[in-house]
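One chain, subunit A, appears in both complexes that follow, with subunit B as partner in the first and subunit C in the second.
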Partner chain A sequence: MEAERAGRGRRRWSRYPSRTFYLFVSPWVLGFALLTALPLGYALLVSFTNFNGRNSRWRWVGLRNYTELVRDADVIASLVRTLAYTAITVPLMVGGGLGLAVLLNRRLKAVGLFRTIFFLPSVVPVVAMAIMWKLIFNRDAGILNAILERVSVGPTAWLVDPNAFYALIILTLWGLGGGMVIMLAALQGVPAELEEAAVVDGASRWHVFRHVTVPMISPVIFFQVVTGIIASFQIVIQPLLLAESNQVGSVALVPQSTHLYMVQVYEEFFNNNRYGYGSAMLWVFFVVILAITLVVLRSSRLWVHYQVDSEGER
Partner chain B sequence: MLDRDISRRRFLTGSALVAGGAFGVPLLGACDASSGGDSSGDGKTVTLTVMYKNNELTKEHIADFEAKHPGIKISFIEYDETRLNAMLASNEPPDFVRAPAVGSAASNAQGLTTALDPYLDKSTVLKKDNLMAVNESFRWDGTRTGQGPYYGITKDWSQDATLWYNRALFEQAKIPPLSTTEPISYDELLEIAKKLTKKSGGKTQVYGLGVEWAWGLSSPIFMMILQQGGQVYNADLTETDMTTPEARRAIQWYVDFGQAGVGPTTLDPAPDGADLSLFLAKRMAITQDGYWYGGNFVKESEEIKNSVAMAPAPVMGDKRISPTYVGWGAMIPAKARHKDEAWKLMEYFMAGPPSEERAGSGWGLPGLKSQLSLLPQDLPYQKQAYQTTQAELPHVAQLPDSPYITGGGWLPVLDKHITRAIKKEITVDAAGKAITDEINKLLKQGKDQIG
Partner chain C sequence: MTIVRDPARPAIKPASPAPARRPRRRANAVGTYLLLMTLAVLFAGPFAWLVLAALKTKTEWVTIPAKILPEDPQWGNFTQALTEINFTAYLGNSLFLSFLYAVLVTFSSAAVGFGFARLRGRGKRPLFMVLLSTMMLPQILTLIPTYVLFARVGLVNTYWPWVLWGLAASPYLVFLFRQFFAAIPAELEDAAVIDGCGYGRIFLQIFLPLSRPVLVTSFLLSFTWIWGDYIAPALFLDPDHTTLSVAISAFYRDPHGNPDTTLQAAAATLYVVPVLVIFLFAQRYFIRGVLSSGVKG
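Then we have the complex of A and B:
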């Protein structure tokens, strides 16, 4: 009786497959339309104007914002800094996350406690984390300099150029526990029989890791690389919070070394009220990120391995 | 099965309909909102949309105002510049908005604010001849500030270049206290700051002088230029020249200040970006802040209350002027729906009980001359600050305000090049030239935006 009723329920849904489909995808489509497509389209329109954010008397300026930004030395410099930051942090984040995951993928006493300890920093809100690190990095009263003094290292001004760049990287790496958890899940999904077979064939632990484990988890590494690149490119809160802020407005005096692309965008929007120019910068950045992501995607054919089942499907 | 039933075309068409519906609903809603009254069902109560800071216009003030004006209800929005911009751009602004006097030129030039003269002329509580000079910065005649109609009223303000200092730290350094009525020169101030600064092992124990670096560099530099008889902008406020002898001397002073290491700068930032915590911890001997700063000490220890003193703004040149850098107040947007009711709130807030409360608290000077007598004089330091203020008020002056750039536009440019000069990467002359070029570019862009 129950089974018959359930069968009737299933039939009602399956009788209208297209309606059912739209019903289930509509929350996402609505969210995408309102929160992604609409702002993107709006920003594209604004990028062709001289809109200052508050006056409705804007006018079209054609491609002027785009031609200006490719000649803007500050924009180019901030883009180069962002590339450098990404090139340093993404390998460290992915490699560090994988290293921690390997260490914690063992049968150790209190391994759960260690996993929690390493994961915890990544759930601390970014604002709290940045403020905490700002206190740690303080030259006169920070704990980092207090520790360094114990080993006879003089006080370092961590939050000014050029050290501010390294301070930002340290702050970023503080959150590598998030990647560690994903890597850990991937490692635990590697079939033990494959690794055992390699050991039986005489492979060393390094060779097993290099030629069995890493290829097996390469799709997850690929995912981490792509999301890491995108996140690194878009970083803005951390440099702003580490910088000296005037507290009474939106202006933060960000050191040159951490004046990344999104900080430049922030400055154009909120210091200079150049919403049109800022929007053009965002669109160019979108294209740059897309291009780099596509390059990484293309390269994945060379190093990402997917499991293939007996029917040849992924 | 599903693949066969739903083609890509059908999916895209369906999605477009869903998305269209999603866009359409709020648009229709907006139409409804714009056509509808924001009064209540009885047609008599007006809902006034107010954007302010809730620690300045408090719940108690709102309840009191509503009790005294039964036909007006206040819908309160916490002050948020980004939200305000969006509301102004969509022609749906609040009716009453927090706004600065210095910096109001941009809103006034863009026609975003309401001229208040018709209301002032009729008002029995807010009279033009009772307005403190700071309100002049809210005036705009179409080309410059200080003339033409008033576009806002100041709630409180200070002459922000004045000094507060810790007499105990002066005594320790065997330096006589500063005069309460006569200003010292900027050069003397820097020399005193050097003597007051204590360093050890690469750390600073006591800073001699804080200039609230992160809060702004443009206003004090403008003041220094004006004190020497110079000009910041050209006649139509579209260009600046930071290579003039007056501007060069001002920039040079900031470079000397940074190189001397006597106070926080971007190269030696204050932990929280402001001088107060260092000053209260007796790690800063002098801080450059206005009369409002005295409000901080009321609840501090007796030791602090007995040590602090106020001194006049320093001078650079022959002209003693002591301006306000901001002067927060309120304006009524040009597209506000309930201007008459907003004016009633203006009268209540600027001349009623909240204004008397503010004046009596010591958190700034009142916007009305008649309320100067309400300034607190209970504590010795308050009496002394009152005397200094009396001596300082005749020297009040207006800072230049171009509608084509904000203080937020000036600060990063000044900071970047002055910092480079402090680090000796460039000369002071090169810094002045670079600042001039970058600010003129921003001014040109601002002019292009406003027209």
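Then we have the complex of A and C:
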């Protein structure tokens, strides 16, 4: 629709290309203002109140929510769990993705088939993913315990404390094919001459990988690590769905060990109706994400080169 | 983004093939295949177990020790899964929302991507930086306050949030289109401008048709986002108006309120198979989408 208008007043618009530009990007600018900036600003406002979601008589409480949450043992514990989850999954995801990519970056038969099989889980909707893994982890009927029984390990309850944490990690790792595809593309972007030259100079395959290949794809690895960290911090649906629940979106039965930071936020909002407190938690989270993002944007200039910018800028 | 190549590094001499490694290489290949096959079983296993569970009777499912194969495959579980809950209604909601969002967001993202790739404007660079940063922003962060806000203005339990999200363009898809449009030679557009063609028509009649592969990628990705989304419908929609993802996760219950696992597995199979089929036929589009997020280039 904005395109049509631009077309009608074409002479005037082309003399003021700035306006045409704004016309075209306006959907995103408005969307950003209304659906990102406004909710975030609203959450900031609410974070200074005791709003409970229903009652309109909310009161300004200043920084009380923030001072409470830094002392809240539940919040701290959930944060520690989230950090542990991140520290375990991110290296495994990135390393696993790279490992699979290296395996598949050779001339092997049926390489495409393997790539498809490894990539497939990363497009499975989260609800289906949770159902599938609950079937596997099921204490009595699950296949994991059936297999473990063959090697005479007694039935293990995977979806309760403390094992639920590992179950969550396994579910996450199942989706590492997305990272693999990215790594594969990065590996294929490494000029073959470079690696071959190193081989000619007498370097072992490991040395070539470590000192030629990895540095060449380091921007991609770096980017994967950063997005991986952000993705792990926001995990909430997986713990919710892995838990036995009796209603949509209930956190009541989420085991302690998978009660991560965002699960805690979710609980404050939708179980405890503490919108103010939950908003404060969201903002703490936002500042952390913002800090990570800024560091990335700054450092990406050192790592990375935008090739298309000059063309786009014409 | 492309990897920075050190210009100071001397040109590399053409490599001669490394000899004397043949036998070891063959043994390596066998080892690699064994490893790949083991991994393939691990990655494909959950799909197989889902289908097997969907084919078992209720008593068979709870039998200890667990049996791998169902004695008498219960294909009826699939038809029962369709009638046990109002499957078709939820399916309709899922299809409607996914289609609506995918169409809107693809078009709006294409327009915004065109703006960033082809047009000049004050503050374009900082705006683009903001756009890139929002790609990093976790969805859940804005979703919860959006829910609180929308609840206050009566937009909860309507499909309007999806319309708004669709119209607002997705930073990720904007980036996808922007990269594509930026790589198109300028002559095309210059000729059109000389002929007196406005930017609206240049976009609709020249750039949009050219970007068909990106349009397909964008549509498929955004469609599967909504199809697979759980948290937004769980928050924004009542059980009667919700999507298949929420319905499957919680609505399969036996009369005692316990999960009806075999029917749920059957329903989950019906829910996930379309995604897998689309994926298998359009794999390259998905890969294009994933790549633009990770390598950007």
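Here are a few things to note about the model shown:
Following the convention adopted for this analysis, the second predicted complex is superposed on the first by the 267 of 314 C-alpha atoms of A that agree within 3 Å, B and C clash if a C-alpha of one lies under 4 Å from a C-alpha of the other, contacts with A are read in each partner's own complex, and residues count from 1 in each chain.
The definition used in the following text is that a contact is a pair of C-beta atoms (placed from the backbone, for glycine too) under 8 Å apart; a residue touches a chain by one contact, two chains touch by 3 or more.
Please read all numbers here as calculations on a predicted model, not as lab measurements.
By the touch criterion defined above, A:Trp58 lies against subunit B but remains apart from subunit C after alignment on the C-alpha atoms of chain A. Once the two complexes are laid over each other on the shared chain, residue contacts for A:Arg274 go to subunit B alone; subunit C is not touched. With both structures placed on the common chain, the touch criterion links A:Ile217 to subunit C but leaves subunit B unconnected. When the two structures are aligned on the shared chain, A:Val151 is found in touch with neither subunit B nor subunit C. With both structures placed on the common chain, the touch criterion links A:Ala141 to subunit B and to subunit C. By the document's definition of touching, both partners, subunit B and subunit C, reach A:Ser18.
For subunit A, the partner touching the most residues, choosing from subunit B and subunit C, is C. Residue contacts after overlaying the shared chain place A:Asn50 against subunit B, while subunit C stays out of touching range. In the superposition on chain A, A:Phe118 contacts subunit C only, with no contact to subunit B. When the two complexes are overlaid on their common chain A, residue A:Thr36 makes contact with subunit C while staying clear of subunit B.
Of the residues of subunit A, those at positions 17-18, 21-22, 25, 29-30, 34, 38, 53, 135, 138, 140-141, 244-249 touch subunit B in one of the two structures and subunit C in the other.
Looking at the complex, you find that subunit C touches subunit A at residues 1-4, 12-16, 18, 29, 32-33, 35-36, 39-40, 43-47, 49-50, 53, 61-66, 68, 108-109, 111-112, 114-122, 124, 127, 129-134, 136-142, 144-146, 148-149, 151, 164-165, 167-169, 171, 174, 178-179, 181-183, 186, 193, 196-201, 203-204, 224, 227-231, 234-235, 239, 242, 245-246, 248-250, 257, 259, 261, 264-265, 268, 271-272, 275-276, 279-280, 283, 286-287, 290-291, 293-297. Only residues 1-2, 5-6, 10-11, 14-15, 18-19, 22-23, 81-82, 84-86, 88-91, 107, 110, 112, 201-204, 213-216, 266-274, 406-409, 411-412, 415-416, 442, 445-446, 448-451 of subunit B touch subunit A when the two sit together in their complex.
Within the complex formed with subunit B, the residues of subunit A that make contact are 17-18, 21-22, 25-26, 29-30, 33-34, 37-38, 50-58, 134-135, 138-141, 154-155, 157, 159-160, 244-251, 253, 255-256, 267, 270-274, 277.
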